[in-house]
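So, here come the structures, one by one.
Here come two complexes built around subunit A, the first alongside subunit B, the second alongside subunit C.
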Partner chain A sequence: MALSPDESGRLADLLSEHADGLVVHWAELVGNGLQGRMSRPELERQTRDLQKGFQQAFAAGARDLTDEEAGELRAQLGELSSNRARQGFSANETAISVFALKDAVLGVIGDTSDAQTLRDFVAFSGFIDRAALFTFDSYVRVREALIADQAEQLLELSTPVVKLWEGVVAVPLVGTLDSARAQVVMERLLQTLVDTGSPYAIIDITGVPAVDTQVAQHILKTVVAARLMGADCIISGIRPQIAQTIVALGIEFGDIATKSSLADALRYVLGKNSYKVVTSKRTEH
Partner chain B sequence: MNEESRLIPVATDQDVVRVRQLVRTVSVEAKLSLVDQTKLVTAASELARNTLVYGGGGTVEVARVRNEIRAGVRIVFADQGPGIADLDLALTDGYTTGGGLGLGLSGARRLVDEFAIDTAPGEGTTITITKWCR
Partner chain C sequence: MERVPVLKIGDILLVSIQIDMEDQVALQLQEDLAEKIVTTGCHGVIIDISALDIVDSFVGRTLATIASVSRVLDAETVVVGMRPAVAITLVELGLSLPGIRTALNVELGIEMLARSRGEVWQDDEDEGDPAAVPAS
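Now for the complex of A and B:
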């Protein structure tokens, strides 16, 4: 329910008349909820800005939060919730920052039996509710954006292709290999094979906790794709428990070379290229 | 004698990951050996994915169990999907209707000690697997 023009006018007066007392009381209420995770001066500054925002919105004749006159206030609320979300406060703590204004105003009104004041307060209360819901919405939006960003970063982070030797690249797989990641791994590997002109690729699965048929299928497809491009693939990092599980599942890697460690795989590739790993004795002078 | 069981709804790929993590935690609690842990986690991963892909989603219940001699872990996968019409065919190595390797169901059976399947066309599928400590 929107406010009447008279109501918003009276509320603007009320907020400006009691500005200082309101801010102190309001900041105190919010501060209690945040349990000292935000400094008092910062909190008072934020609260004062917000108080001004409400006051100006009402003074300009805003009757509802969606009105043009309340545009500034909406921007303020949006900023408040995105800051709170990024600082790791809960949605509850963020909404309280707005709801607490009700209690603060009630404290200012004091004991009254004046029907008009009560009606004003009820109307004001409705406005605050909508403001708090708006805050909540913005908070969720920011958090969702954060999560989406992180998921994307994780995808980037977790699939490096490293050059081990001239002509040998390796992909150390870590964690869960779902379809999205498998796709990224395959693309990266094939691109690196072309970029570096490498005839050998080692896929290391030491960091993959469980190799089920889906993971195996993703790996096999990557190997086949690399072969089509003329590169030889070696799978390394097959631990004893993974080997036994693969056998029981009945997965066959066919003629693909597999090694228990990355070191073995590198030695195997070097051997194929007639390199020899020898320990050199330092000559004493 | 059943100890407390934990239930996870399976509706997305993330839930399959959650099932895997829970099964790993419970297997460690039940003191399964590393090989058995890995086998059970892999079997759970296969069956949970079947629940999701073929059953259209369902639930997975993980519990520690104990008989007279040994302790173990029991997992129940339940869905209300289309069910399996030809069980023998579904349990054949290499048979798949979904483009996978066709080893999930048959392989999972080889990975565990007890494997029970209750299904009928149109009535969903319930699979119960158990792995005992050696």
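Now for the complex of A and C:
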């Protein structure tokens, strides 16, 4: 329900008339909710900014939060909630910062026996509700963006492809392998094979806590795709329990070479490339 | 209709596919290659598909047929330069292109052909090395 032009005009007057009292009362209410996690002057500065935002929006003739005149207010609310989201405040505490304005305004109105004042307040209350919902919305959006960023960073972190030798790359897999990660690993490994022209890849699963049929399926797919491109894959780092699970589940690795450790895998690849690992005798000086 | 050129380099026929592989193009390539293997007497075929975004089942089968045909004509076929995205798609489709040998790039493909014909692949820098010269 939008405000009428008269109502927004009266509200603007009301907000500017009682500006100081409102800010103090409002900041106090918000401060109680935040339990001292924000300093008083900081809160007062924030609430004063918001109070100005509301006042200017009403003075400009904003009748609803989605109006063009309320654009600046929306930006302010958005910034407030994104700051609170980053500082670790809960959504509740963020929304209360806006809701508290209702109580503060009720405090300064004083006499509510007059029908017009009551109607004004109800309309104003509706406006505040929408503003708080907007705050809530932006809070959730910021949080979701944070989570998405972190998930992406985790993917980046956990799937490096390292070069072990000329023509040999290795992927040390760490953590549970779900479909999304398996896809990333597969793409990155295959791309590295193309970029470096390495005909051998070692997939090390030492850091994978459990291998079920799905994980095995992902690894097998990667190996087959690498083969299609002309590279050979060796699976290494199979722990005893995992070997037992693999057999118990009846997973067939077929003719894919499996080694118990990365060192074994590297030795195997070097052997295939007709390299020989020898210990050189140290000459004493 | 567009045609894929077949280049003779030493003992190898090099085919670099730079256009969309429509069915007709694939069939034409199969014919051209068989013809070329016989006329040139080459013993190796390298098919470079690094420019191909899509390899469908028909193209996959044609590649397999080309490999079989050239094997009958005593030439080894290596498919090189398959893109990761293409490989992933083929695996998801369950097409593992049996009977086709693959290498990551043309260089490794040439090396593979040389090795399979029992010749020692030599880098340029190795040529001065007396140990690499076979004792006659």
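Methods note: the second predicted complex is superposed on the first by the 261 of 285 C-alpha atoms of A that agree within 3 Å, B and C clash if a C-alpha of one lies under 4 Å from a C-alpha of the other, contacts with A are read in each partner's own complex, and residues count from 1 in each chain.
In this text, a residue touches a chain if its C-beta (ideal position, glycine included) is under 8 Å from a C-beta of that chain, and two chains touch if they have at least 3 such contacts.
Keep in mind it's a predicted model, so treat the numbers as computed, not measured.
Asks: When the two structures are superposed on subunit A, do subunit B and subunit C clash or fit side by side?
Replies: Overlaying the two structures gives subunit B and subunit C room side by side.
Asks: Look at A:G110 in the shared chain and tell me whether it touches subunit B only, subunit C only, both, or neither; answer first, second, both or neither.
Replies: Neither subunit B nor subunit C is touched by A:G110.
Asks: Per the contact definition in the header, classify A:G254: touching subunit B only (first), subunit C only (second), both, or neither.
Replies: Once the two structures are laid over each other on A, A:G254 reaches no partner at all.
Asks: Can A:G88 be said to touch subunit B (first), subunit C (second), both, or neither?
Replies: In the superposition, A:G88 contacts neither subunit B nor subunit C.
Asks: Tell me the contact category for A:G36 with respect to subunit B and subunit C: first, second, both or neither.
Replies: Touch partners of A:G36: none, neither subunit B nor subunit C.
Asks: Once both structures are overlaid, what angle do subunit B and subunit C make about subunit A, taking C-alpha centres and a multiple of 10 degrees?
Replies: Apex at subunit A; the opening toward subunit B and subunit C is 70 degrees.
Asks: Does the superposition put A:V224 against subunit B (first), subunit C (second), both, or neither?
Replies: second
Asks: If you take every C-alpha pair with one atom in subunit B and one in subunit C, what is the shortest distance in Å after superposing?
Replies: Minimum C-alpha separation, subunit B to subunit C: 8 Å.
Asks: Which bits of subunit A are touching subunit C when the two form their complex?
Replies: 186-187, 190-191, 193-194, 197-199, 221, 224-231
Asks: Which residues of subunit A touch subunit B in their complex?
Replies: It comes out as residues 176, 178-179, 209-214, 216-217, 240-242, 244-245, 248-251.
Asks: Within the complex, which stretch of subunit C touches subunit A?
Replies: Residues of subunit C touching subunit A: 78-85, 87-88, 90-92, 96-97, 101-105, 107-109.
Asks: Considering the complex alone, what residue numbers of subunit B touch subunit A?
Replies: Residue list for subunit B touching subunit A: 13, 17, 20, 24, 34-35, 37-39, 41-42, 45-46, 49, 93, 100-101, 103-104, 106-108, 110-111.
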